[in-house]
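Next, two complexes with subunit A in common: one pairs it with subunit B, the other with subunit C.
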Partner chain A sequence: MATPKALQQPFSLRFASASFLAFWCLIAAFPIFWIAVMSFKSPVDAFSANPLDVIFGPTTRAGGDGLSILDIAIGLAVLIAAVRLAFTRLPKWVDRLSPQGMTVIGWLVGAGAYAIGFLVVFFGILPAVLGVLNSVAGPLGAPVLGLTAEHYYSVWIENGFWRNFQNSLIVTAGVVTISLTVGTLAGYGLARSGSNLAFWILIIALIFRALPHSVLVAGYLPVFINSAEILRPILGDNAPTLYGQPLAVIAVLVAINQPFTIWMLRSFFQNIPNELDEAARVDGCTHFQAFRWVIMPVMWPGVITTGLFSFLLAYNDLLVTSLLLDAQNQTMVPAIAGYFNRETTTTDQVEAVAAAVSITAPLFLLVMIFQRQIVSGLTAGAVKG
Partner chain B sequence: MAEIQLRNVSKRWGSFVGVDDFNLTIADEEFLVLLGPSGCGKTTTMRMIAGLEDVTEGTISIDGQVVNDLDPKDRDIAMVFQSYGLYPNMNVYENIRFPLKVRKVDADSHDERVKRAAAMVELEPFMHRKPAELSGGQRQRVALARAIVREPNVFLMDEPLSNLDAKLRVSTRAQIKNLSHELKVTTIYVTHDQIEAMTLADRVVVMKQGVVQQVGTPTEIYDRPANTFVAGFIGSPAMNLMEGTLQDGTFTGDRVSISGLNGPNGPVTLGFRAEDAHVGDDQGEISAPVYTMELLGDATMIAVRAGGAMVSVKAHKEFRAEIGDTVSLSVSPEICHLFDAQTGARIAAE
Partner chain C sequence: MKFRTLAWFVGPSVFMMVLFIAFPLASVFLQSFQITQPVVETVEVETCTPGFVGQTCVTETKTTPVLDEFGNPQTTTEWVGLLSYARVLQLDQVGAAIASGTWSSILAIDFWKALRFTLTFTLVTLPLVIGLGLAIALAVNNAARSIRGQIIFVSLLPFIITPVIGALSIRWLFYGDGIVTALLEDMLATDISVAANGWAIELLMMFYRVWHVAPFAFVIFYAGLQTVNQDTLESAIIDGASRFERLRYVVVPHLMPLIIFVALIHLMDAYRAFEEVVGFSSQAHRITLQWLTYDLLEPDDAGNRAISRASASAMLTMIGIVILLIPLLRRTWRDHKGSAH
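Right, the complex of A and B next:
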């Protein structure tokens, strides 16, 4: 689409703004890029004084781990093809093959199958094929870029980082599920209610949101520490203490997050005209059916956006998780903080860096998947239609 | 099939009165129009009948059964909303089918009923579009089809045409009239447009500030308005209303004198319709300089200041006058309506 005349800019201005943006992106993305590069290098390279050594990793290469130009070219090609395939073909396959009304399950199965397929091709078939190709390609097949995954292996397998990952999954899943369930119900009720009470509930929620997180943690600590006594009458003598359990973290994080989700979901619900509820009620729905069958389908972009924020809060939380969880229940963020604080060798440091890079990958994936839903414009349709 | 009775129905929000003591029986298969300016309580009345708004006082019954405490879904009504209220995530077919689906109507009959309803409003080519891909008129027709698909006892329509452009309004209006005739369903229609009321209604209820002003057929309301509010609201242009005094059958006011009237002596408001009077010779009842002249094509409207108001008269389409020229308008006593100057109520001819 051509830019309308009123919005056209002179070339000099466009050039200046583009170069500023490029410069800014470079500065913003540099730390992530740099730790990503470091995490694949042997400690000597990763902490080398010469930045080129960090990038090309001569010591890593000498250790026998490296990529040739051929590897890089074919690897990149496969990656790009995989992404393009995921955005163009995958939706069509899912649409065609999933049965009526089961699109969500269809997507889960489709995405899962696609991910497994990609992993098999990229890490199973591709290295074997390239191994053969490199040996016949001459200079193109000689390694130029040092690259080793040994730190990832030692972090995830040897240090048991997968257990932290698992705990992170439990905590985030719990926080997102509870926040969204309570948030949609409360947000809908508050959006549709005209009473004074609704207003005051929202104000109180705002006050709770304004409290420093540490206040909430401190307030809950005695409850969790003594929870065994409280639970004994219900669960018997060997009632567990909640302290150190993911459940405790979920409770506190929900308390921190809930006011925000209620406010956010309420504003999404307010964008959905009342007439939609009323039409549904007249057409034969109970109040709850109207909510479930008419309002919720229009609300998905709001729910996904709010869910993403809840996810980020739970996933990135350090304060609550480090205070409330014992060692074997730690989530990824306090675990990484632990790696960095260790009495340490450079190897440990690179492993910490590898762990830090690991936790950004799921975020990246999540935003990639859901950005389409967020911009899907369903709400715009609701407001106009 | 459905007779609706409203007995002493009132709606109050705190001290604000939305609808005050509304009494009406709506006959089966009647097309009733609630007419009034915005804020007069007509939509509130309809929403109370639909069950979307609580009744503060009084009872609403459909077919003899009091429905005050019934949910909207249990009242066997269908409603068309001003801004359509279509479900944006469903296509036209699913929108029309929705009432059947939630009410668990035998699934085998859905397809046929949806197609029949869609055919009645000529929607067949758009069955697979989403509401966002339709024009305003098409959306309103989807809303109509969704209302008729279930064959309810009562139709409620809340200003269904006010979001459409003028041309579409005329054709959709005709479609609604035809549908209601064909389906023989009791219909309550809310509008602020008196032309819609005149063309569609079997009976019109004119409301103002929550109070019913007059109930009657369109002809009654046009020919015998019950008070100055109705007289000034119905008709295009509305009835001319002049202030003056009646003395021995002669009405006198600023630049006006009409004799041969029948009513009590004292201050009155006199009304007549623009098309009933005409520009006459020199001995007309009103003689005043032209304030403005509007050419309508089929007629010429002359406006003068007389009796403390702007008075318009429809003249022959070839009549011409300059602004400021004195014209003489003849207003015969038979076309005049007399209203009480204080209360505005009609003074019945003795």
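Right, the complex of A and C next:
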């Protein structure tokens, strides 16, 4: 498609636009890239005022942890090959091996197996092979880039961050599952009903979306702390104290998430033509059967997109989880808030950086895999709402 | 769809929202007029120590909490009217400050400090977010098709990152001798201490918010740019409109509904700002309204949570949200009426 002459842009404009874009990409990625680099260095290097020292890490290298040119080259090659394999071969394997109608489970198993395989190759086999190669490669095998994983080791193993990770996993999995189940039902009902009641539910949901979460938490706290006494007349002596319970937090986050979920799912359901329901109804389905067997199979893209945003809300939440969970059930994000409050030595600070990078890594993967769904989710609310 | 069917579909969701949103909201409203305190009684305690001739006895009065049959402190709840609001607003001090003409002492009161910062923060970041989002959308629309995917990927990162972590990642570039501060110090040959300077922190918090939200604005504007009517653009060219005029009179009016949408979402979210305060540890210099409520809810040194004051501050925060929501609700109502006819 040739651009008409009048629409062609002068060189200066194209140059300005391209350099602005490059500048934005730099600003967008730099802070995240930089904490990732810092987390692998010894404290002296990580907080060095000279950026080159932070990148090459002379002190870390002097400490005996480093990568040679050979390491970097082979490591990058394996990484690129792994990513390519994940995007080209993995879908085919999953399609071939997973039984009919179980594609979602097939994907979960496939992705899990792939991740484990990758970890074994990249962190198990590769270092051993490279160790041998480095010793025979001469100058190519000498370390040039300081790199140490000791902060990750102390954060995850010694400080028990894996326990916070586990809690995050429980909370996010619970929130995504429940809010999607409840939300798809409501979204479908609201999309197919033109009644005033449906309209008012949507309006009230919109108001609820705008509420500051601290307002709601101020309502939960006294009830949750005293719930054992409040519930005793009903449940008897084994009435639970809701404060500190992951289940209670899941319920709260699901509810906070509902307004957004039903708005988004409703706009996805509205895209599915009404004739599809009507055809199913003519064939003798009830509303619920039409929903389950006719509409849901074509709704998966919308459900996945909404699920992603539910995941983000639950995963990123700080306010609700830090106020309603006690120390032993803490999820990752409030746990890190405790981290940098007590940071005293530079080692503590680098460990906080490593924890921050650990929290970011799953999100990074998420954008990589689901970029299209995230974009479509963002625009679905805006263009039609 | 019949009412019964609708009720079955919507029921679970409405139940969750009533139980966990509407009900807490009502209870916060009531709590803000009440104060719950432990019941205390004064007891005279006589402590005696054996002495040489007789015992030495000391009698003192102590206040101790009254315990119920389970051994927990008993509490009473009293209606105190607007007392909690008065404690949050501290109007007498405000009055005194106005009378003596020292405006700055109003900003020493937590609530007014938080209100001042939250409003400045919200209103300053709004045009920046929309401007930057629009600029990125136009530039990406201008870029080669083959690299757009990668640019969108990089742009989404600040949006998707956990807000506290995003704030922290910028904090680590500036606080102490972060590399950006070191660079600035080299260039300006002065000593800069970001963490000790309220205005520097305020700027950083705004920078973070724009960095975090601009990608959202960008994605929405970019989607809108794909549907700009090419015929209108061509006729504008034939009529001799310059590049800027085309942007001003064709593209921006086309994007107007989206700009309003982004503005409303941003106003709502920036007004609720909270993570910035935690991420930048700015509580000594700058606090937001939501952080104020959070801080009152956190147990203090004695382990007490100021629930009634938190409720009052939460209700005061709500007033702002209601004002923000009115235009949005009016628009939705108009759309609903329009679609019904």
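FYI, the second predicted complex is superposed on the first by the 344 of 385 C-alpha atoms of A that agree within 3 Å, B and C clash if a C-alpha of one lies under 4 Å from a C-alpha of the other, contacts with A are read in each partner's own complex, and residues count from 1 in each chain.
In this section, a residue touches a chain if its C-beta (ideal position, glycine included) is under 8 Å from a C-beta of that chain, and two chains touch if they have at least 3 such contacts.
Since the model is a prediction, treat every value here as computed from it, not as a measurement.
Colleague: Applying the touch criterion given at the start, work out whether A:293 contacts subunit B, subunit C, both or neither, answering first, second, both or neither.
Modeller: First partner only.
Colleague: Is A:79 contacted by the first partner subunit B, the second partner subunit C, both or neither?
Modeller: It touches nothing on subunit B or subunit C.
Colleague: For A:316, decide between first (touching subunit B), second (touching subunit C), both and neither.
Modeller: The second partner, subunit C, only.
Colleague: Could you tell me if A:116 is touching subunit B, subunit C, both of them or neither one (first, second, both, neither)?
Modeller: Neither subunit B nor subunit C is touched by A:116.
Colleague: With both complexes superposed on chain A, which partner does A:32 reach: first (subunit B), second (subunit C), both or neither?
Modeller: In the superposition, A:32 contacts subunit C only.
Colleague: Between subunit B and subunit C, pick out the one touching the greater number of residues of subunit A.
Modeller: After superposing on chain A, more of subunit A is contacted by C.
Colleague: Could you look at A:149 and tell me whether it touches subunit B, subunit C, both or neither (first, second, both, neither)?
Modeller: A:149 sits against neither subunit B nor subunit C.
Colleague: Once the two structures are superposed, pull the subunit A residues common to the subunit B and subunit C interfaces.
Modeller: Residues common to the subunit A contacts of subunit C and of subunit B are 378, 382, 385, listed in rising order.
Colleague: Note which residues of subunit C are touching subunit A in the complex, please.
Modeller: 1, 3, 5-6, 8-10, 12-14, 16-17, 19-28, 31, 36, 132, 135-136, 138-140, 142-143, 149, 151-158, 160-166, 168-170, 172-173, 176-177, 179, 182-183, 211, 215-216, 219-220, 223-224, 234, 237, 243, 258, 261-262, 268, 271-272, 274-275, 278, 281, 289-290, 293-294, 297-298, 305, 307, 310-311, 314-315, 317-318, 321, 324-325, 328-329, 332-333, 336, 340
Colleague: Can you check the complex and tell me which residues of subunit B touch subunit A?
Modeller: Per the stated touch rule, the residues are 50-52, 71-73, 77-79, 81-89, 98-99, 102-103, 130-132, 139, 146, 150, 156.
Colleague: Note which residues of subunit A are touching subunit B in the complex, please.
Modeller: Of all residues in subunit A, those touching subunit B are 273, 275-276, 278-286, 289, 293-294, 297-298, 378, 380-382, 384-385.
Colleague: Which residues of subunit A touch subunit C once you look at their complex with the stated criterion?
Modeller: The touching residues are 4, 6-7, 9, 13-14, 17-18, 20-21, 24-25, 27-29, 31-32, 34-35, 38, 47, 49-51, 54, 181-183, 185-186, 188-190, 192-195, 197-199, 201, 203-223, 251-252, 254-256, 258-259, 262, 287-288, 291, 312, 315-316, 318-319, 323, 333, 336-337, 340-341, 352-353, 356, 359-360, 363-364, 366-368, 371, 374-375, 378-379, 382-383, 385.
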